Amino acid sequence: MAFRLRPQEPEFYDLFGEAGRNLVVAARLVQELASAPPAERAGVVERLREVEHAGDDVTHRILKKVNTSFVTPFDREDIYALASRIDDVLDLMEEAGDRVVLYDVDGLPAKTREVADVLLAASEQTADALPRLRSMKGLESYWIEVNRLENEADRLYRDMIGDLFRSGADALHVMKVKEVLDTLEAAADALEHVADAVQTVVAKES
Amino acid sequence: MAFRLRPQEPEFYDLFGEAGRNLVVAARLVQELASAPPAERAGVVERLREVEHAGDDVTHRILKKVNTSFVTPFDREDIYALASRIDDVLDLMEEAGDRVVLYDVDGLPAKTREVADVLLAASEQTADALPRLRSMKGLESYWIEVNRLENEADRLYRDMIGDLFRSGADALHVMKVKEVLDTLEAAADALEHVADAVQTVVAKES
Amino acid sequence: MAFRLRPQEPEFYDLFGEAGRNLVVAARLVQELASAPPAERAGVVERLREVEHAGDDVTHRILKKVNTSFVTPFDREDIYALASRIDDVLDLMEEAGDRVVLYDVDGLPAKTREVADVLLAASEQTADALPRLRSMKGLESYWIEVNRLENEADRLYRDMIGDLFRSGADALHVMKVKEVLDTLEAAADALEHVADAVQTVVAKES
């Protein structure tokens, strides 16, 4: 790595740390939702919405800091991209939960819980990695692990979609469940896009 | 606000003014479409397509001006983002109209007209706000009002989707209507994204 | 055109040339898939996935080169945008193929082959145009031709969707076929977005 002084901006790293922790809280709620009896779902989704609002707040603080700082620890556009992509993950987790309640989905496939487990594992990896942007160390293994988890989510998604279309369920049920599964799969993709944004930062510094 | 000279570039503000007025014209056509008898819909959508083309033309003129100007009144990337997001709104309004005709949708929910009213109100707010980029005044209230309107559109959307799935209508009808409603809801979101892009400009200048 | 020295960076143009050739290979596989008997589809999609991975690799090499080069032949953000948009085309072609196999679609409309022909023609135009970024010559006719082809793809799409909804087919079949057609139409749009990104570069240099 070329020797280069990065201005110390503790607050940027703190804000990304907070953003990472929000992802973990949201993923735990998705996990809870996947097992919750229908009567308790609305309450879980309400808490998911609160985490999503907390995430919006962190994003706005990061963007405000980018816009008002004379120097930033890495390129402004990369900070912006990273914050936006973390935001996308929270939006998608909240949207998936919201759809379960709005469509009053009965009978999510059992493997939905496994997808939720994968989302939680990838969120934990992300929350662990974001504070390491300070030292730029150990980020390669994070990127590899999130990619592996995304492949796992994709495999589960494909199994469930295949089963769903073969199930003989009526078309309206298929539409509802498919939209929930599509959104969870998009959340797994979005976690991979966060890791890609981290890689972009690492590539410039190395 | 820090004292800072912004280069006077009247044409940029004029072009954004024109872009704002296109939004209002398009929203009025969406409103007209929501009440039009089926036989008249194709004509309304044709006019919507013309407005969308006029919008493309304004966007190209803005981008060309960004690319050939030595100084710009605010950051190039923010001008680009703002123009693109206005373009997205027009695209989505046109797409919603287009879907109504292409799918030959019969029986749009009555509340579609209320969504069209909300889109028109948000478009008028935007058209009023864009010329105020020159003075950077009164933009906070615009942002708040568009956010309020987006929440209102979202509430209407959710009511209609809930009703649609409970209606006992056949799945093909649900698919068609849902896609039109999804696109109108995306247009309301896109108007909020325009307001967010305006806020980014305001945050840098204040 | 204002006289301006562009640094000679042969490898950038070579990489975009390679990216263009990948598009043509992928489009040929989409064409093959549109006529393949069901038993042979999975093999075609496997090859499509390999091309998509090869495309990812080219994109990463372009981004790495952007990040580590002191000078670039045109603006970094434009190189980034162009590489990303080419990537989007490959993703969508692969996704369309994947959906055909995952949903086990029987009876794609006959016009799907015509859409595949249009995608191949637009991909060939793109592969021809990308190396011309070096001289910046003959790119206007490319942009016009890709726009014409996108309109042709759109016309075919609309015909097929209209037919599909009027066909009396069951809703699950409509859902499956519509998603494949939507994805192919998005691939044609994405080829137009590549041409738009090329135009942005041309506009800055002229």
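By letter and in written order, the chains are A, B and C; residue numbering begins at 1 in each of them.
Rule of thumb we're sticking to: a residue touches a chain if its C-beta (ideal position, glycine included) is under 8 Å from a C-beta of that chain, and two chains touch if they have at least 3 such contacts.
Since we're looking at a predicted model, the values are computed, not measured.
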Graph shape for the chains shown, where an edge means the two chains touch. Line, ring, star, complete, or other? complete
Copies chain A and chain B touch via same or different residues, half shared test: different
For chain A and chain B, let me know how many angstrom lie between their CA-based centres, rounded off. 28
Residue numbers in chain A touching two or more further chains are 77, 171, 175
Show which residues of chain A lie in contact with chain B when the two form their complex. 63-64, 67-68, 77, 102-104, 170-172, 175-176
Give the list of chain C residues in touch with chain B in this complex. 77, 158, 161-162, 165, 171, 174-175, 178, 200, 203-204
